[in-house]
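Both complexes below contain chain A, partnered by chain B and then by chain C.
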Partner chain A sequence: MVVVGMQVAASLIDRASRNGLELGIRRLGADLVAVPRGLENSLINTYITGNAALFYMDRALEQQISHLDWVERTSPQLFIKSLSNAQCCSAWNVFLIAFEPETDFTVKPWLSGNRNRKLRANEILVGAAINASPGSEIRFFGQKFTVAGTLDPSSMGLDTTIFIPMQGAVRMIQESGEKAEKALIIRPDQISAILIKLKPESRGGLPVWKAAYEIEKAIPEVSVIQPSDMMLKVQKNLTGILRTLHTAGYAIWPVTALLIGLVFALAANERKSEIGLLRAIGATRSFIFLMIIGEALFISALGALTGIAVSSGLVLGFSRLIALSLEIPFNAPDFSELLFFDTLALFLALLTGAVSAAIPAYQSSAMEPYEAIRRGE
Partner chain B sequence: MIRLLNVKKYYGTWTHVICAVDGVSLTITKGEFAIITGRSGSGKSTLLNLMCGMTRPDEGAIRITGIDILAIPDHELSKFRAHNIGLVFQFQSMLSMYNALENVCLPGIFRGDSRDAKSRERAEDLLESVGLKSRADAYVHELSAGQQRRVGIARALFNSPCLLLCDEPTGDLDRETEKIIMVILSEANKKGTTVVMTTHNLDLRAYASKTFSMENGFITED
Partner chain C sequence: MKHTRIVGVVITVIGILIVAIPWLILPVCGQVVAAQSPKNSTGVHGCDNTLIAETVIGCITILAGLMAAFIPKKKMILGVSLLTIVLAALVILFPTEITGVCKIPTMPCVYGTLPGLVVIGIGLALTGVSGFVISRKM
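Take a look at the complex of A and B:
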């Protein structure tokens, strides 16, 4: 049960994080993201877990990037503030990001419902994990905003993010000194990240890795992040826990197999009289062998199903906590994937049970009936 | 029905070898009620178990209903037992997870019968014949030693065997229960079943058509 549980948990976390990352990267929509030099990890953490880091650079850098021949378009984002236990929303942490609806190609495409409507300065878009329905009003730093729509789930930090049009955000920042308890100190010419879409290679574009290199070479003030960097970061975060779970599982597995064998050897010893009796009334050796193997399969199945249920319940039930503590995206595998993992785990458990019980089963079946009865008395 | 020729069976330990059955030759014909008497450790139980192939002799030949049971493979021998031989043991032989009725039905499984109403009916009839129909649903801990023994006899008769081998079936029972058991066995014998029974109670020889005495592995016909 424990071994199966650990393996299922490890597989679920692994799969869920990969699923989450794939969805998140698709959802991000940009080929590259530029941030102030050296802050690439902060951005990755922000996007993956929603644990916001605030950093700024000169807005003019966006112009420099957009003028490169092989860049198709750029759009800036401004990281405003991370709000803990915000009264507006059900999420633990809400992150406010300003974006530019006119140039945006990463936020609005994921807006559920009407995507073409122009967003007004006082309208906001909320992530899928934020419990605020369209039309409802939310106040930030003394400024009132209306929820214009909800974004599709991304399984990343974006789900707890609120996107404010740049124009509205600038006004909110400027008036925060008067309207809010604490003023926001961000200059109007600052941005946090530049989302970059490259021209296709067929139209004179560069490969993603080359474009990242060229941008960093041309503009030393920025670091450029590729989606593969996020993948590497998640893998790094996962390596430790997955290695622990898998190694512990693999280490316990042979011990479990030995224990099952021992338990069945003891049980067979206790049941010699019963086995002898069954042989006396006509049971063949193969019947006895299969009977013991069948019992081993039944017990293994019971243990495996319990392990699967407990580990799946814990991993899926505490997915948010796991995602936050491991700093990974978490998108639960769909039913068919879950079924595949569970079936595989069940099959391995059954195999272990059957193999472990094979020797005691053979020994019991090979015993002379009279010998079995005599020894069992 | 049963022919044993110079059958020998040894049991060995690290230090010495015991000859439990020492050159036994005997013939029991169809329809007989044979009783083998002897003290504990004389080799009666071993001899009975040799007769049904539950253990193999070190020497000699055994033929049951004309079949050399030492020459047939183990799975065939199991089938042979299921079809032809009923066994009554001296120890508590009910399987504790089944009730009396289910215990009686057990031999049917190994004969290939399905667990249908017919099997149930047959088991109920047999329990009635041993006076236990009302205890059909009882489990082993709910039955006395004598009742358990009667369930064992009903089970041994389930497949209508031509040979019934009973190892000390009245060993630890009171006089009254002993008599009930002996009457049941006599009834089965009257219906044509050959009965071979071991006992240390010499008084029971009165039920037999043929008696043997065993001592130190040797047998003599009385």
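Take a look at the complex of A and C:
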């Protein structure tokens, strides 16, 4: 049960984080993201976990990037975090991203429903994991906003993010001194990140890695993040826990197999007279062999199914906590993938049980009935 | 009789966990705020009512477990098992349906307390069923 549980848990976490990362990168939309120099890890962590990262740079940098020949378009974003435990906010520690609807190319494509409707300044878009239906009101820094729509799931931190039009965010910042418990100190000429869409290479664009290098060379104030950076970060975060689970599982497996063999050897020894009687009344050797193997398979199946149920339940139930703790995206595998892992784990458990009990089963089936009854007494 | 005492002890331990989860192990938002800044108030959160409800249910569960452990008679075990199954349903229903938790998924009560209580509720239900089966065999 423990071995199967560990292997299933490791496979689930691995698969779910890969699924989440693939979906999240597709969802990101931008080829590159520019942030203040040295803060790329903060942004990657924010995108993966949804924990707000607050950093700012000059808005003029966006103009510099957009004038580069191989850049098709750019869109700025401003990061804000709602207050902790304040009466002026109806949600606690939520990551707010202010975006420009006119230049945006990453947020609105993932809006469920009417993508062409113009957003008003007091309307917000919420991530898929936020339980707020269109039309409901949420307050930040004393300002009321109405939910205009919900974004499709991304399996990353963006699911717990709220997107505010830049105009509405600017008004919120300006009025926070009067309306909020704590004023927001952000200048109007500040932004946090610049989303970059590159021209295709056929139209004079550059490969993503080269464009990132050239932008950092031309504009030393920024660091540029590529999607592959996020993949590396997630892999790094996952390596430790997966190695632990897999190693522990592989280490315990042979011990478990030996224990099963030992238990069945002892059990067969205790049941000598019963086996002898069965042989005496006509049971064949293959019947005895299959009877013991059948018991081993039944016990292995019971343990495996319990391990699968418990580990799957715990991993899926605590998926958000796991994702936050390990700083990984998490998109639960679909039913067919889950069934594949579980079936594989069950098969391996049954194979282990059958192989472990094979020798005691053979020895029991090979006993002569008279000897077996005599020794059993 | 030994089995019934074991069931009683397990129910008591689970009752302690029902109380400990929202207060200490996977605390609700108010408790997290209080731990981070003891001078501030805990504030008002959607999960506060869940905290109170689970504390009451946990205390009842502890009492039921102690009764089963110290009075291992058939009718007592039967009654405690049935009560435990009902309490298990309440442990799960309060944070999911009745009092609920906060709406934002980044809140500790959503990603920690809620799944923790659901898991322990399932454990309590299974223990209650085991107790029922044992009492029928007595």
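Just so we're on the same page, the second predicted complex is superposed on the first by the 365 of 377 C-alpha atoms of A that agree within 3 Å, B and C clash if a C-alpha of one lies under 4 Å from a C-alpha of the other, contacts with A are read in each partner's own complex, and residues count from 1 in each chain.
As a working rule, contacts are C-beta pairs under 8 Å (C-beta built on N, C-alpha and C of every residue); 3 or more make two chains touch, one makes a residue touch a chain.
These numbers were taken from a predicted model, which means no experiment stands behind them.
By the document's definition of touching, of the two partners only chain B reaches A:S273; chain C does not. Legend: residue contacts after superposition of the two complexes on their common chain; A:S202 is shown touching neither chain B nor chain C.
Shared-chain residue A:L324: touches chain C; no touch with chain B. In the superposition on chain A, contact is made by A:F287 with chain B only, not with chain C. In the superposition on chain A, A:V94 makes contact with chain C only, while chain B stays out of contact range.
In the superposition on chain A, A:S336 makes contact with neither chain B nor chain C. By the touch criterion defined above, A:S133 reaches neither chain B nor chain C.
Annotation: chain A has no residue touching chain B in one complex and chain C in the other. By the touch criterion stated above, chain C contacts chain A in their complex at residues 29, 33, 40, 42-43, 45, 102-107, 110-112, 115-116, 118-119, 122. The touching residues of chain B, when paired with chain A in their complex, are 46, 49, 52, 54-56, 74-75, 78-79, 81-83, 87, 89, 91, 93, 95, 106-107, 110-111, 155, 159.
Those residues of chain A lying in contact with chain B across their complex are 273-274, 276-287, 368-371, 373, 377. Chain A meets chain C in the complex at residues 50-51, 84-85, 91-95, 129-132, 159-160, 313-314, 317-318, 320-321, 324.
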